[in-house]
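All chains are identified by letter, namely A, B, C and D, in their written order; residue positions are counted from 1 within each chain.
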Amino acid sequence: MHHLWLIPFFPLAGFLVNGIFGRRFSKGLVSMVAVGSVALSFAWALKCLLALAPLETPHVERYFMWIQSGSLAIPYELSVDRLTAIMLMVVTGIGSLIHIYATGYMHDEDGFYRFFAYLNLFMFFMLTLVLANNYLLLFVGWEGVGLCSYLLIGYYFLKHSASTAGNKAFIVNRIGDFGFSLAMFLIFITFGSLDFQKVFEAAKAVPVEVSAGMMTAICLLLLVGAAGKSAQIPLYVWLPDAMEGPTPVSALIHAATMVTAGVYMVARSAAIFTKAPIAMETVAWVGLATAVMAATIGMTQFDIKKVYAYSTVSQLGYMFLALGVGAFSAGIWHVVTHAFFKALLFLGAGSVIHALHHEQDMRNMGGLRTKIPITFAVLACAWIAISGVPFTSGWYSKEAILGAVHHHSPLMYWIGVATAAVTAFYVSRSMFMTFFGEYRGHAHPHESPPVMWVPLAVLAVLSLAGGFLFNVPHILEPLFPVEHGGHDIMLEIIGSAAGLVGIGLAYVMYVASPGLPDSISSSLGGVYRLVYNKYYVDEAYDATVVRPLVSGSRTGLWQFGDVWLIDGVVNGMGGFARWIGGGVRTLQSGSIRSYAAWVVAGAVIFIIAAGAIAGSNGGLR
Amino acid sequence: MPPIPLPTAVPLTYYLILSAILFALGVAGFLFRKSLITVFMSIELMLNAVNLTFVTFSYQHKQVDGHLFTFFVMVVAAAEAAVGLAIILTVFKNRGTLAVDEIDSLKL
Amino acid sequence: MTLLDIVLFLPLVAFIVILALPKTLSRTLALATSMGIFIVSLGLLAPFLGKPTSAVSFETNLIWIQSPAIRYHISLDGLGLWLLLLSTMLTPLCVLISWNYITDRVKEYYAFLLLLEFGVIGVFVSMDLFLFYVFWEVTLVPMYFLIGIWGHDRRIYATVKFFLYTMAGSVLMLAAILYLYSRAGTFDYPMILQLLSSGRLQLTAAEQLPLFLAFFIAFAIKVPLFPLHTWLPDAHVEAPTAGSVMLASVMLKMGTYGIVRFCLPMFGNAAHQCAPVIIALAIIGIIYGALVALVQPNMKKLVAYSSVSHLGFVVLGIFTFTQQGMDGAVYQMLNHGISTGALFMLVGFLYERNHSLEIKSYGGVANVAPVLSVIFMVTTLASIGLPVLNNFVGEFLVLQGAAIVSWKYAALAGLGVIFSACYMLWLYQRAFFGEAGEGVRHHITDINKRELLAIAPLVILMVWMGTGTSLFLKPITAVNAQILEQSKINVEYQVKAPPAPSAEPAPATTAAVVEVARAR
Amino acid sequence: MLVNFTPPSASEYIRVLPEILLTVGGTILMIAEGLAGERHRRGLAPMALAFLLLALGGAVVAGMDPGPAFNNMLTVDGYATFFRLLVLIVGILSVLISGSYLTRENADSADYYALILFSLCGQSILASANELIMVFIGLEISSIATYVLAGFLRNDKRNNEAAIKYFLLGSFATAFLLYGVGWIYGVTGTTNLQEIHRFLTSSESVYSPLLVSACAAMMFVGFAFKVSAAPFQGWAPDVYQGAPAPVSAFMTAAPKAAAFAVFLRVYSIAFSGLTERWQPILWVSAMATMVIGNFAALRQDNIKRMLAYSSVAHAGYVMVAVVAHSEAGVAAAMFYLASYAFMNLGAFAIVTHYVGKGERYVGIDDMAGYARQQPLIAALFTWFLLSLIGVPLTGGFFGKFYVFKSAIDSNLIWLTVLGLLNSAVAAYYYLRIIVVMYFHEPTNETGAAGPVPAGVRLALIGSAIGVFVLGVMPSAVLEFANRSAMLSR
């Protein structure tokens, strides 16, 4: 026993302490509890991992039974293998940094304790998610992080848009979870267990499905779940709106950790996915389509956080692409590096926003390079990392993905490369609009306090050197054997060039000749508007699903079905009874002669009926 | 005491038919007459039809029981008449009418 | 006399005592007695704490009426246990939430509350069909008055509808009980089961189906199963808070309890035969209830329709005839009792402050009543089936059971889980988020100690039952396994020719009864 | 045959002790009034009560030595004793609620009590009649006294109308009965029930079943009329509404119970060979009675008329037991009538008090807020109404239960189901009174909500206890009924 349960327990304790007593604590105490609990969790995770190294096989700890019903047994069981180890380090490590950052960022907010309570709760669920040893426990974390996401998006609950965005996130995630739970049911029916070891062991014996079958069904349903959590087509719509939450939340939940849960889950279920090529192909295409679509939208947005949000969607698509082509370790590698640079991008953006007193529109920024130099410096690291400048962390993972994709399908590869260029373009665009040129805003920018920029610096280092330091595919070798051959220098050059082309193009358009973007967008006209308005997907969902559902429920089901029809029948029966009563009453005319007539009629009927019945039994005896 | 022989020309059935006709007349009278008194008398007619039946059967069975029953019926009819007429009287006093059809304030 | 007898009759004693003493004491008396009853009833847990068993405990079997033999036969097993404890727990809570709310005819109010407790406990422990029916009907009366006297504007319509709806169903059940007696020669339920299982009493297809339907319709009205649900929104909206709580938490469970307890073991064949239709209705109810809840402008109505949806899960689970489905269904009964009970309480708290049940009269409550808002949020989350809270376990097991039968059932019912998030979160957003309006700022205060005391046990249970299920689930699983065994399709069901209808119970049957009685 | 006449023995006189006591009592009451004059009218009700209690004791004494009396014209068995006790208890309760009513209407009179006693005497005879002429005589004694009671307040138009309707139609129906009796006598040569049965079932007898069925039909017209079974129920609502409230209370319970008693006896003894053929007809009649009673009651606003229709409906339930045609059915009918007597008397007792002088407050809405003015009385009323609905733990429930159980045992499944559904419909109109009493606020136009007189209170307590005992501990009464129900043996 290594008491793995302590890893999620620390943040849970932090949540409880801050949640219950936080209102009476000073901000310092709240910060200490919150940061301390996550740091402890990080430390404990590190300790466990060091003790467990080299972790060739999973280490499982069982505590007690959670649900037992017939053959279905779900224990509280945590396990660590190398995949989990990586996720643990990312979650607790980046989590700690963001917690520290947030103590500075959120300093002036009301409900400071509430924020950190939620954030700790998130850490608890996220750690449960990665440590779980069965699907149901994973699902606990899965839904739990969704809840925290909901709570934190709606943190500014006075704003209608914030609470709406929270609802949207939760409900869209619910749709994904619906798929996930169906997948779980099928897994239990097929394998008789939800336990990872048992399921994967059993899955190994299953032949690879050529046509769609049970494995394909399970995997596609898991994909639905993953698409919800990791914001893939068609369920990505919640993530851009989720930027209503405070920026550290965007960094932690909606960039670094939670949204990669889908990637983690698919990688975790690799044993099943490899048996379902159709599903794998679907995963790849969904990922690719998401990457392209989100990247194009990212080029047109002006809200700095929205740009990064679409960038996240796009990068997640990249990861799914990797998973789909069977490069699970490359996908996870990208999860790690993306966590570094995207967290940094968001936190940096947060620093900018903080500096500009909650200004998020890039058209009101510019020239901040000199005003907030530290922020600029760290952001620049993230910038080159995401753009795939050689030897940065992003470059390593992206090249790994593209290499695998090329191996799988050249068509996908070229689309992927184009996307990489677009990615570099929009990130560079945001950097140029923010930090170069003239300052277009009115607020007085001020540099963030050290508590904010120190974590940024750490992340900056990781963004630059992360890929070099952590060779994820190598670590994951026991789990996901690397199939294809060594590096192809040509491919790496193409990939690197794509990034540089993107940066260059952005430089031309936003620094060298600033009038160019407008002329291009106006010349594109309808296409530009389509992309600018995010392909009108939200509007389409609203018109085809949400509004028909609500109005149909109101008029069709409730007012017509329930009140008019069903209740009408019920009350109608009452009315019918009264109507009969009214009819029966008229027999009682009050007239003696009519009563006498009834007596006579009754007598006659009695005699005839009795006679008829008697007659049928024979006459005289 | 041997029963007095009846004229053979009149079979017992005739008495029964007569009583049935009387009974039916009573019923018809109850149903179709408009005055309370007549209606009441119709009931008496029905009871007398019954009496005739009893006597006839009594004769047929060579028993006295039926004759006895007739007296019971007559006594009861007398009591009924006393009460009935008294009730009719109070109705007339209160309403000033003896029409059956006007006594229908309690209804529905 | 066992502990169960005491627990059963204490509320009746309390009822009489409250009526007898002056009304200034009623409130305190009601709280004290109902608390006492709850504490005593905890003693009933003792035999169920060990290893799972389907055996009954606390059995009392006395003759009540000689001929026809009606027995005072009560006992407790894992199925009745938790529902009983739920009832005894909720009664003191209901007293607490009525503390200041009820000012008119106080004595009668608390007396009826205790009488209601008596009735529901009786329902959950009766092992004689006749006795069961008696308690079943007895519960109607106090609820009728609770809604009728202390309800809102349209209370009379609602309460009469409630009474007649239930009555119409239960008379059918009475007819079925009588018919069973004429065939089995006894009302004693375990004895009937024994006769059925030993084959000495065989019900033909032509008999089972009507009997099953008679029982089932009575229960389905109570559940309520779509489309027999329309009494529920009216009754809930008009009832006083405690009435809604008892109605939702306990009385609806009487229906599902009855299905599990009686319909399945006695009429397994007919139940199997009808299962597709019933499952279809349950699923319609799940989706329909959720969608209608989505568009309700009235909070209580919203919660009421959500009950229709939630109870659909219970019925679905039962008729999957799988261990998981049934366990989930029974668990979900308890969960719904706790989370919906809590929701009604919370809505009641809001009503006491702002005197409105319309969602649009609220908004921004979170600003002025943070603790209330947090509790409401937890309850909301429990209600929509968030993991680590209670409803999740039940819904998961039900859906797993449904999926074993057909993935389509699980898929359709799973939609209900999505919609539940929609309507609850939308409600929460509209009522609690945003800027606090004038009315809200003036009238809404945060939860007070008494209210906190009333709701806290439920919140604790939500977490407990979501994370540590084994205490609760073990006795349930054991009983359900037995019921599943009893409801196995009897192959002779279709082939046996119907016996000639007999005016009196066949001698063989009577002899069998005597024999069984001796064996006991 | 009068040839072998032997004078009746002393034990035979003891067997008609209640009848003797009632007759003597009634006569003494009438004489006493004349002797004592106006001032002592207050003593009349207690005196009547005393005689009734004596008669009750007499019935018990008579019941202890069962056997035939007077040449087998009467038979005192458990069955007879059950109904004697029942009607006498109804009589006692009726007298209890009558005193204050009569005083209020300025109609204190010994005649009233004497008539009640005489009526009970007739019913007592009916309960023990073993011969068709005795049936007729008992019926008439009971009815003639009741005709007068129905119109007791001579100057009240409603009373007049009730009396004349009841009188004319009652006599009319009785004539049918008598005509049937005449023909039965003609066919079988006897009026004794056992002998009729023997004749009809003997293989040596020659008769036309058609004719016998017709005779039986004529007789059933008379009985069905008295029990207000459809289609002969027409008079009942009008008369019960029009008669003075305490008289309605009496009429809906006692004569009806006695009529059922004799109906069942004749049906199960004399025509027991024929009864299978009757089932379908009675089935329809029972069904129609329930439907007419319950559904018409849905539309009533007058509380007396509503209870009158309810009385019709309850007769329908008892008819179900008659249709069952079994010992269980007879026992169920007996039990039902007993429990109905209590709950109905209880309900009418409250109505009697509530309607006020001149019976002004007969609308259901007049009871608005009664629960606030008289919580205890309202609670008792609720108790009776719940019993009338048939909610468990009340006598009414067990009554229904036994009735429908006997029906199921006789395989009358549809009748049971429809009957039970009817009882669900009935719940609505009973609930309406509860709604008005409890859920409405009192208005200025409410009735006599004053304190309840002692007599009424006593009757209420008695009825409530009766309903309770029959509802919770029905064993004793049911046991009695079961043992007494073996009529044909």
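The criterion applied here is as follows: contacts are C-beta pairs under 8 Å (C-beta built on N, C-alpha and C of every residue); 3 or more make two chains touch, one makes a residue touch a chain.
What you see is a predicted model, and the numbers here were worked out from it, not measured in a lab.
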Most centrally placed chain, judged by C-alpha centres:
C
What's the chain with its C-alpha centre farthest out from chain D?
A
Whole-Å separation of chain centres (CA-atom averages), chain B against chain C
65
Centre-of-Cα separation between chain D and chain B, whole angstrom
26
At what distance in angstrom does the C-alpha mean of chain C lie from that of chain A?
37
Averaged over CA atoms, how far is the centre of chain C from the centre of chain D? Could you give it in whole Å?
42
Residues of chain A that contact two or more other chains, please.
574, 585, 588, 590, 592, 596
Can you tell me which residues of chain C touch two or more of the remaining chains?
164
Touching two or more other chains - residues of chain B:
30, 39, 103, 105-108
Pairs of chains that touch, anyone?
A-B, A-C, A-D, B-D, C-D
Which residues of chain C touch chain D in their complex?
65-68, 108, 130, 133-135, 137-138, 140-141, 144-145, 148-149, 155-156, 159-160, 163-164, 167-168, 171-172, 174-175, 178-179, 181-182, 501-504
What residues on chain D touch chain A, complex-wise?
164-165, 168-169, 172-173, 176, 205-210, 212-214, 216-218, 220-221, 224-225, 230-232, 234-235, 237-238, 274, 277-278, 280-281, 291-292, 295-299, 425, 428
Per the touch rule above, chain B residues touching chain A in the complex are 27, 30-31, 39, 100-101, 103-108
Listed in rising order, the residues of chain C that touch chain A in the complex are 161, 164-165, 227, 229-231, 233, 288, 291-292, 294-296, 322-324, 327-328, 364, 366-367, 370, 381, 386-388, 392-393, 396-397, 399-400, 403-404, 407, 410-411, 414-415, 417-418, 421-422, 425-426, 429, 432-435, 467-470, 473-474, 477, 481
Residue set of chain A touching chain C in the complex reads 23, 64-72, 136, 139-140, 143-144, 147, 150, 154, 157-158, 160, 163-164, 166-167, 170-171, 174-175, 177-178, 181-182, 184-186, 188-189, 549-550, 552-554, 557-558, 561-562, 566-567, 570, 574
